[in-house]
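Handing you this structure, nothing more for now.
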Amino acid sequence: MDMKELRALGKEKFGKACRMCPICDGRACAGEIPGAGGVGTGQAFRNNISALAEVKLRQRIIHNVHTPSTKFALWGKILAMPVLAAPIGGIAFNWNNYISEEEYANAVIIGCKNAGSLGMVGDGKLPEIYQGGLRCVKEAAGWGIPTIKPRPNEQIIALARQAEKIGAIAIAIDVDAAALINMTVSGQKVGPKTYKELLELKTNINLPIIIKGIMDVSDAVICAEAGIDAIVVSNHGGRVLDHTPGTAEVLPEIADKVGKVMTIFVDGGIRTGFDVLKMLALGADAVLLGRPVTQAGAGGAEGIACLMNHIKEELAAAMIMTGCQDLSGIDRHILYTK
Amino acid sequence: MDMKELRALGKEKFGKACRMCPICDGRACAGEIPGAGGVGTGQAFRNNISALAEVKLRQRIIHNVHTPSTKFALWGKILAMPVLAAPIGGIAFNWNNYISEEEYANAVIIGCKNAGSLGMVGDGKLPEIYQGGLRCVKEAAGWGIPTIKPRPNEQIIALARQAEKIGAIAIAIDVDAAALINMTVSGQKVGPKTYKELLELKTNINLPIIIKGIMDVSDAVICAEAGIDAIVVSNHGGRVLDHTPGTAEVLPEIADKVGKVMTIFVDGGIRTGFDVLKMLALGADAVLLGRPVTQAGAGGAEGIACLMNHIKEELAAAMIMTGCQDLSGIDRHILYTK
Amino acid sequence: MDMKELRALGKEKFGKACRMCPICDGRACAGEIPGAGGVGTGQAFRNNISALAEVKLRQRIIHNVHTPSTKFALWGKILAMPVLAAPIGGIAFNWNNYISEEEYANAVIIGCKNAGSLGMVGDGKLPEIYQGGLRCVKEAAGWGIPTIKPRPNEQIIALARQAEKIGAIAIAIDVDAAALINMTVSGQKVGPKTYKELLELKTNINLPIIIKGIMDVSDAVICAEAGIDAIVVSNHGGRVLDHTPGTAEVLPEIADKVGKVMTIFVDGGIRTGFDVLKMLALGADAVLLGRPVTQAGAGGAEGIACLMNHIKEELAAAMIMTGCQDLSGIDRHILYTK
Amino acid sequence: MDMKELRALGKEKFGKACRMCPICDGRACAGEIPGAGGVGTGQAFRNNISALAEVKLRQRIIHNVHTPSTKFALWGKILAMPVLAAPIGGIAFNWNNYISEEEYANAVIIGCKNAGSLGMVGDGKLPEIYQGGLRCVKEAAGWGIPTIKPRPNEQIIALARQAEKIGAIAIAIDVDAAALINMTVSGQKVGPKTYKELLELKTNINLPIIIKGIMDVSDAVICAEAGIDAIVVSNHGGRVLDHTPGTAEVLPEIADKVGKVMTIFVDGGIRTGFDVLKMLALGADAVLLGRPVTQAGAGGAEGIACLMNHIKEELAAAMIMTGCQDLSGIDRHILYTK
């Protein structure tokens, strides 16, 4: 399986839910929810793309980097690359029902594991969604990160306990789902979190905690003060609040402020290994891939592994072309500024 | 009825007059008058869109806002949202005759009232247009705002008297129609207004007066000095003077100058509840929706109520994602600036 | 005949030479010469459009301008508007042969005269082209401006003598044709002009002289020093040198420098009366229309008069919406700047 | 043969590999490798185009330049123009197999020579590719520049020896191919070069050495210090590292730093003689054309000569319109800056 075959599979399976555009930039699917688009006018989705496009790489070829290492250490594990699969729920609803919720979770967990990456699985209005994801992580001997919606704390803690039991690497809470209509209308209360609530979570959960949805320095600082282990700089793929800046735009300031005390993930508009390199240069420790993984899911676990290996190869090539031997050598000096 | 059905209805009814583009941005219909487009090259219409698109929202999720209030107080009334329907005349002429002038006015007044919003009705070359709108407002027990073209003062005052009698909430004068060809060629004199003329109107009309079409601080100051109750920052949807800035571009300066002494409305390119939030953050007290309401009119009063409720839900979601409990909490701090 | 019918006629007659795009901006026809496009990548054509689009108008409606005057005085004549038809040669070659060279010249001269505007006619590789234009101006009792290619001075002077004899209002020399391939390959020598050559022309020609193609302050100053009566700020519609700035970009500096000692015309991307107002605000005394006139030529003299009247009405409306009573009231204060 | 026929031939022969877009800007073919597109999202390719488009030319027509000279002196030879054909390998793989590798090399060498230009030929995973190019240069009595991939130094030196023997004008090493997957997967080791390795090459090769792929001032300085004769400012047409700046963006700083001690070539997005003039004004001594030559290859050697002559004519016209008598008169003063 190669990237070309994957594209063909996607075109066949997704119908109008995702058109597999040559460049996935949120134009064709603007506002399509259900669907793969951004909310409202789709501007937040497109801002992710344009913010990244404005970042430029300094090509350097007079040096000695021939075989760069893309290895990434995370909480005692070694990943083959600083690239994870983002938690995506509602596949049936948003992606033309091309795969069942649990089959998708399984493809993500297994595909990522096989490529040396790490997959995240999601939560949804039906309890079955979280439980299905958990089963997949368990079968992969814990090599995965269950993600919990921003439910009331007691529910989160109970669900996190289950993740602890199956030996998951960490848990994530996608607080950027705080205003998701489809949760609230189905009676699943979700909402923002306060410093006190974060503190309570940290005290009661014995796994690294990742808070997803940080786009603002002040939010990041509160997470750090509450002892949260990691944040994901994310606008939920532009699917909850239209007109946010792109994640690449807010990342540097956030990384400067809390990057030394916590792990910084970022998602939003990352399509290639070149984009990964840029996000690392802007201050991220690793990135999450959303839509590209769901698209690669058209090829099942094999498709997702294929994508991850492709991204890794692009990242390695990009490291040669900018003179970076390993991830520690990647900083803002590899970015071109006038 | 939902937004998807409304779109389908519009595509069916509008013909080429409005193509119901995925993002309504004035490109496809540039220069189409008759039609829904902007005048000339359509640049003023597009400037409304691009000026708003440049404004970005600061996503914040670490706080305690779970159920924000979108209630808006206006001259002793409480609206469910700070969103009104703009006065649109010439439906037959511009929108493929999909609905009669009076049926449209009725759908706007009733649809808005049912959703807790407030509709404005228009004036035109035939006296029947204003009278028809007035009848609709009367049937809604005064829950509406008749709008009068910038005719000679004695005519305006006579028409305003009629609005007073039926208990309308306020009257508006769309002075931005000062150069509308179709009025002058049909012998209906319209034109700009001077400070003295505004003063005379204020002295002789016993309802709050809204002057529509302010795009310049000096104009706003004169309105304030004449005791005008409210202005609408508006370029008439880009349909009278091509190449104006977008309304979102001029709004902040105007609001800074006169926002404390009068009510500031704004229209122009507002498509979603996210856009509403941005306009409020830029200094508006409330917004007017033009083209989106006319499009929703394809579903009659029910369609317009559906749109208004949808916008309200988006606004509430946007307030959660930016941490605003009620309208008083919305200011420029929720905007992202580099 | 109205603008809509004119568009339909154009679509019928021009074939692929001009697609009559909703907004005529040089994208569809990029690089098409023969054709209506800009040279090379067509960027100079598009720069004309984008430079104008960046200029914004300050809408003002609180004032007393009801019936503005668009009258323009030029060398003892009064035009109904500050809008002339640019000299366009090579119609047969570039515009699908929709009209003969002389029929076109006639339509321009008569159509403009009937609308109170003033037409320019051109020169070409065949002597017949200049002579044909001259005949048209003669039949219109001199109401027209013959344009001569930048040939050797003795040829220009001889051709200008003929224009004097028929009582033409002025003559123009389009020095921006200095590098036109189709002239040189057909043995008609053309080229740039020096200060001395300009001086010689001025000394020997008894009509006002217009030098077309000035895009640079230093060139404008030399023209002024040589006693030239008028310049046209022009990049020849982007058809000779790709990648020039737009004319609206260079106009202000040139007008500031020589506007008090000579008449300043400008062309390039002007499509509407709103564009005319902007060019006047930037420092032009009057504008030339190129492609719009050629397009309107599909309706013959009547079509061109229709276009000119339409532009005049738009200009008058724009003057109401910005508060300008006559041309003397138009300056940079009507432009919006942040 | 003219440019129009060449376009028609290309459309016929290239299939989907190259769509012969009106403006070749990397949009339609984004990410298409195999194919003519840029790597990843194709942004680096597009950055070449947009960086050039931002550079504007100062049109000047009041001067005495009638017949400019485009002659360019390079290492004792006189070229008719400062325009060379870039080395392009992998024609079969990337361009729909429209011509064989050696036929292409031959068309480039002969077509360029016939037009007074100079062609470069490439290297590839099969030794046959370099040998074939060498044969073509030999048959043209050395009028060509063989290009060697950034292989281990001993291989480069051996291949350069062969170029010396056939009397080639110079050799080039496209170090920007340092991370090309198709080389490494086929067991052909390539990689970046260090200062020491460059020094070794210079010491052991008796031809001018051109290092291709310099996008950074520090890399340029090292090349200069190692005695390298020339560099090509290049991002390999955006085909190896996505998201680099455009070459026109980095060129001025590099030329300022090392332009006096070495020859500066540049490629990337150059489509016309107008673009050539801009690159020279930004500091290049001469330019390389990539995709345009491969497209013109549809007409064989005759097609490539036709392209080169066309570019030369455009350059001459552009020199008239900016007042440059010869290449020495071209500097940043001919660029328009606000």
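For clarity, chains are labelled A, B, C and D in written order, and residue numbers in each chain start from 1.
The working rule: contacts are C-beta pairs under 8 Å (C-beta built on N, C-alpha and C of every residue); 3 or more make two chains touch, one makes a residue touch a chain.
Since this is a predicted model, take the numbers as computed values, not measurements.
Colleague: Starting at chain B, how many touching-chain steps does it take at least to reach chain D?
Modeller: Tracing touching chains, the least step count from chain B to chain D comes to 2.
Colleague: Taking all residue numbers at the chain A/chain D interface, are over half used by both copies (same) or under half (different)?
Modeller: different
Colleague: What angle, rounded to the nearest 5°, describes the rotation that places the Cα atoms of chain A on chain B?
Modeller: 90
Colleague: Taking the mean of the C-alpha atoms as each chain's centre, how many Å separate chain C from chain D?
Modeller: Chain centres of chain C and chain D, defined by C-alpha means, are spaced 40 Å apart.
Colleague: Mind pulling the residue numbers of chain A that touch at least two other chains?
Modeller: Expected reply: no residues.
Colleague: Line, ring, star, complete or other: which one describes how these chains touch?
Modeller: Contact pattern: a closed ring, each chain touching exactly two others.
Colleague: Along chain D, where are the residues that touch chain A in the complex?
Modeller: Touching chain A from chain D are residues 30-32, 39-43, 47, 150, 175-176, 178-179, 181, 191-195, 198, 213-216, 218-219, 222-223, 235, 240-245, 249-250.
Colleague: In the complex of these two chains, what residues of chain C are touching chain B?
Modeller: 22-23, 53, 55-66, 271-275, 278, 313-314, 316-318, 320-323, 336, 338
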